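All chains are identified by letter, namely A, B, C and D, in their written order; residue positions are counted from 1 within each chain.
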Amino acid sequence: MSLSVAVAGASGYAGGELLRLLAQHPELEVRTVTAHANAGQPLVSVHPNLRSLATLTSQETTREVLAGHDVVFLALPHGHSAGIAAELPDETLVVDAGADHRLLDAAEWTRYYGTEHAGTWPYGMPELMLADGGRQRRELRAARRIAVPGCNATAVTLAAAPGIAAGLIDPTGLTSALAVGSSGAGRGAKTHLLASELTGSATPYGVGGTHRHLPEIAQNLRMVGATEVRHSFTPVLVPMSRGILATVTAPLVGDASADELRGAWLSAYADERFVHVLPAGHYPRTADVIGSNSVHIGVGLDQDAGRVVMIAALDNLGKGTAGAAIQSANIALGLDEQLGLPIDGVAP
Amino acid sequence: MSLSVAVAGASGYAGGELLRLLAQHPELEVRTVTAHANAGQPLVSVHPNLRSLATLTSQETTREVLAGHDVVFLALPHGHSAGIAAELPDETLVVDAGADHRLLDAAEWTRYYGTEHAGTWPYGMPELMLADGGRQRRELRAARRIAVPGCNATAVTLAAAPGIAAGLIDPTGLTSALAVGSSGAGRGAKTHLLASELTGSATPYGVGGTHRHLPEIAQNLRMVGATEVRHSFTPVLVPMSRGILATVTAPLVGDASADELRGAWLSAYADERFVHVLPAGHYPRTADVIGSNSVHIGVGLDQDAGRVVMIAALDNLGKGTAGAAIQSANIALGLDEQLGLPIDGVAP
Amino acid sequence: MSLSVAVAGASGYAGGELLRLLAQHPELEVRTVTAHANAGQPLVSVHPNLRSLATLTSQETTREVLAGHDVVFLALPHGHSAGIAAELPDETLVVDAGADHRLLDAAEWTRYYGTEHAGTWPYGMPELMLADGGRQRRELRAARRIAVPGCNATAVTLAAAPGIAAGLIDPTGLTSALAVGSSGAGRGAKTHLLASELTGSATPYGVGGTHRHLPEIAQNLRMVGATEVRHSFTPVLVPMSRGILATVTAPLVGDASADELRGAWLSAYADERFVHVLPAGHYPRTADVIGSNSVHIGVGLDQDAGRVVMIAALDNLGKGTAGAAIQSANIALGLDEQLGLPIDGVAP
Amino acid sequence: MSLSVAVAGASGYAGGELLRLLAQHPELEVRTVTAHANAGQPLVSVHPNLRSLATLTSQETTREVLAGHDVVFLALPHGHSAGIAAELPDETLVVDAGADHRLLDAAEWTRYYGTEHAGTWPYGMPELMLADGGRQRRELRAARRIAVPGCNATAVTLAAAPGIAAGLIDPTGLTSALAVGSSGAGRGAKTHLLASELTGSATPYGVGGTHRHLPEIAQNLRMVGATEVRHSFTPVLVPMSRGILATVTAPLVGDASADELRGAWLSAYADERFVHVLPAGHYPRTADVIGSNSVHIGVGLDQDAGRVVMIAALDNLGKGTAGAAIQSANIALGLDEQLGLPIDGVAP
């Protein structure tokens, strides 16, 4: 008695990972995939790894094709989801892996994306702490429109949130540097994303306050309790296809010990099945979360620098995109939050 | 009429890169290589890339073997260079690629290395700005003992020094995150350095103020003019064999524009042949410096965060170790500083 | 009412992948893990990716520890499994991921391994075609000792078997060259397996007829129907942690067309859920099978060379080791052969 | 009193490597670079690694721009060199890194490239043995038009030629499988060359006798003395930016021992400065030749298979393209063949 699912924009990396995870989901069944440029082609011609979905053929992304499913996942470039969602019934669960509906503030949207804001949907980060002590999860129960967070935003937010909520770090002195796999930059054929360009090299991009995940992170941290956020954010492409390692630092507020600090993170995520705070002195690496919906977090105190160091690892396509989409859909549908979502990463 | 050279500790990565560069040096001729574990073996059995040195055989690292050369490069684990140098004549130029003689402060040495300090040698970073407006280069002229800087220390120091010298950034709020190639961790057979562990992953190490390059960086920045340095420093191993990309940030002091900032870096390195400040809006990647003695630096201003972002790329084995050793030796020997040192990296 | 499982030798890569897959198996429950060097430590300290098994602690590999389980998987260096199996009850299912019990011929064992042969166990390659038209699967039903095939042997055997069975290729002119990920070489700390050595390089090993998988492949191909096997086999380590791409060629026998050839492979694997023969003109890549139990095979005809080209991709730790172990155990236990085994690879 | 050089098609990888090597050449001086899509831009905007050529700006590829140089290197897509060369004076040395003028047989050209043949130029592989005991080098002395060999063709030819010349291997049973870095596929923005597609994967292409280097290899081996060549050739893209490892096998003719075999290769290349035959039991890896003009070759005998295994490693952009171009130009210009060409690879 499974629910029927359509995935729109199936030919990209986010679409592919959604399908890989959905193929193992016991309650959701993929009936339809759409992909404009590949319409009419077998799905496996675009994603040869998805042998268990070998009977599916990509269709055009139209209302007719998408209507009639219980859940529609959108993995489209930003700017497309509002139009499609408007054409679908209100009772259809629409989960948007793109950016369109993440931001609350229309002006910030326009500043970073240059277009008119399409409105805000419930934000698909169940673990997000709220200033009143709740979690974002409550906003997702019975939601029928969900905006999936950005992958970098998830890494930085989950790394820093417990410290901000507990008043242990100063959000006006935040810095983060992220080692990022190339799949986060999408499947478009661009010279600077060629294997020859990225193999054997570390390449920064979006330097100096220009990255579009910045307002999303600030919004999240204000939800957690920050009154002002100042944040220097630098992503660096490194030679791996998946994974984000976010190294976040912020000034220590007060005089908590390293153990007290770690205790705050442990306590914040004690009930979270996908967020794992590592033992003292341990820090995560991306290999351990590849293919999973897990986030590994290590927290340390640098006494000399007066800073807390928070390092988070996740799979940008997993918990960073497709995993969060399915986790949020599970909540909205009243299913077990963990259904279809691996805990263990594929290492080595 | 070339000068005779010996390289001690030839079997590691630093030794190998010294030999690769020396083989092309028009005034220095490698006569002797030593390598304890490989004594008696042809050099090419340990470094099959060094075909132009195929006639050399590794010997034991003894005074007898090393004596009688004009220049001796040491590429040994720390703790070994003082004893060897003491046995060599004062007029022999001894260039130590290891850490033993970098620090001025014996207490800091003991704190980070746990042993007694072996004394300080002239520091082999010719481009280092001094508070009196000079350069470290003047200390190297006619020096007969030289301590080669640490690779991470070079990246962070050269990235930040112009801003500190010009009073444009606050050295008490420094953060740096480095994407580092595995060769920086040496050639010792350790499980956590296996290809299976590091391929496809980003792995932090030395987190939270414990890294041994920290006191060296602070010392450098005080030479430049900082009165106090507070610095959060996080290196991350990424899947490449060579290269360091250092992302350094610090609070902006005053209200300089992005162009004024970049102007300070351009001016600081105007006469330096190996340090290249990139055009506005451009940031370096490690691919472009591999195999070379060049450092590429990009500087940006993040107005929202109130921070200056300084990104430096270098080859940890090149300018980070062997290149700096040869550059400093060139100066000490009165040769053209650039002899034997490539400017152009091997990309892609 | 799941069956209890122990994994001996849990700290290596094969052990880790067994545990990752077993953690998702609906009928098998891991109760015990052993690892000599890590006895007493939490499993996650050795395999930080296995968060779902965070309650397990490694024990010593002794009879007492292993006894009392329904299934024992051995992931030990060769030479250890016979002794352990002898101490376990006959009714315990023992599945050996090592080499000890793969070969039928004691003399060949001694030639390649240098020790005395420990005897032969049923061979865990369910898809192996037999000369009488059957499959190896029938030998596994109700077996209580199983020898898991070597990863390279599986790739070459499954690539070539249909052509040999159908008399379409000449097994006395076989060549194979394999691009192999580093995890196949194990987790031992060896200099030549360091990331710095393997990153950015292709490195052959076991060249010229010395590789230990050679007699196993020949044995398999004789089972399929070959009367004589002559086989040049060259594995090449390439910079990836997992995956084998085996390019196998052999002279065409007769005058079959490319379509007729492909038809033989399609027909041979028509009922196999894990072996996927690709469309004409398509060849597999390893990315598409990572983390899965699938094998992708492409077959082509090179008219000018008079050779058939057969290319197989699999995950050396998945179908190459742990997946085959679990698939064979499923058969021996009377379970659905596919339980706990992913079809879809983790790409990109 | 250096000679003036122009490089046409400077924005690709072959053009970039030509420029990197030419920048170090003591007798050749790059005065002009052309690049259609980047005309008017500084060369360093396209090749940020080439800091020593920072004063050059790309121009359009026209007769006017190219005329007046002593040497013109062409690094253009095939089909463009004949027209440009026809417009340049006969006394200008034109070295074409593309495929247009490599083949002797117009029909073979048309079969593999689909266009009309542009004629044959002297072939830029100095080490190629000729059936009369000479070397191709003699054809290059005073040549004013040179066709640079294909990178894969160079690897396979140099690996197999000594065995064919000495009658030790059978060229009708040749197989080769090549692990190839992505830069060999060029700098065009294509989805299947994205880092996300190639990282962590081995991907075959040009399978089954379709690759355009096949007729070139057969032509070379006939020059060496083969009367008939039958050759199964499979290139596999692996996750590295540079390098080719060619594993070539052929049936042993006669009963030479392994030592006798190796002796034939040693003798064939005894006077060649760029071809290095490794000690018995040693095989090359690509890391050791990166950035150099060297070829490393290992030769073994597989008695059981009755085959000789010949493995060659080279840098596809170095000896595979730009190095061979400069080496051949050196010969044509009467310079020392080694000028400007590194022997030692950049490893690790």
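The criterion applied here is as follows: a contact is a pair of C-beta atoms (placed from the backbone, for glycine too) under 8 Å apart; a residue touches a chain by one contact, two chains touch by 3 or more.
These figures come from a predicted structure and were not determined experimentally.
Judged by contacting C-beta pairs, the busier of the interfaces C-D and B-C is C-D. The greatest centre-to-centre gap from subunit D, using C-alpha centroids, is found for A. Centre-to-centre, using mean CA coordinates, subunit C is 38 Å away from subunit D.
Subunit B and subunit C have centres, each the mean of its CA atoms, that are 45 Å apart. Each of the following residues of subunit B touches two or more other chains: 13, 183, 196-197, 199-200, 239-242, 284-285, 287-288, 290, 347-348.
Residues 173-175, 177, 179, 196-197, 199-205, 207-209, 214, 230-234, 236, 238-243, 245, 247, 249, 283-288, 290, 298, 300-307, 309, 311, 313, 347-348 of subunit B are the ones that touch subunit A when the two sit in their complex. Against subunit C, in their complex, subunit B makes its touches with residues 13, 181-183, 185, 187-191, 193-200, 239-241. Within the complex formed with subunit C, the residues of subunit A that make contact are 13, 16, 20, 23-24, 47-53, 183, 199-200, 241-242, 276, 278, 282, 284-285, 287-292, 294, 296, 342-348.
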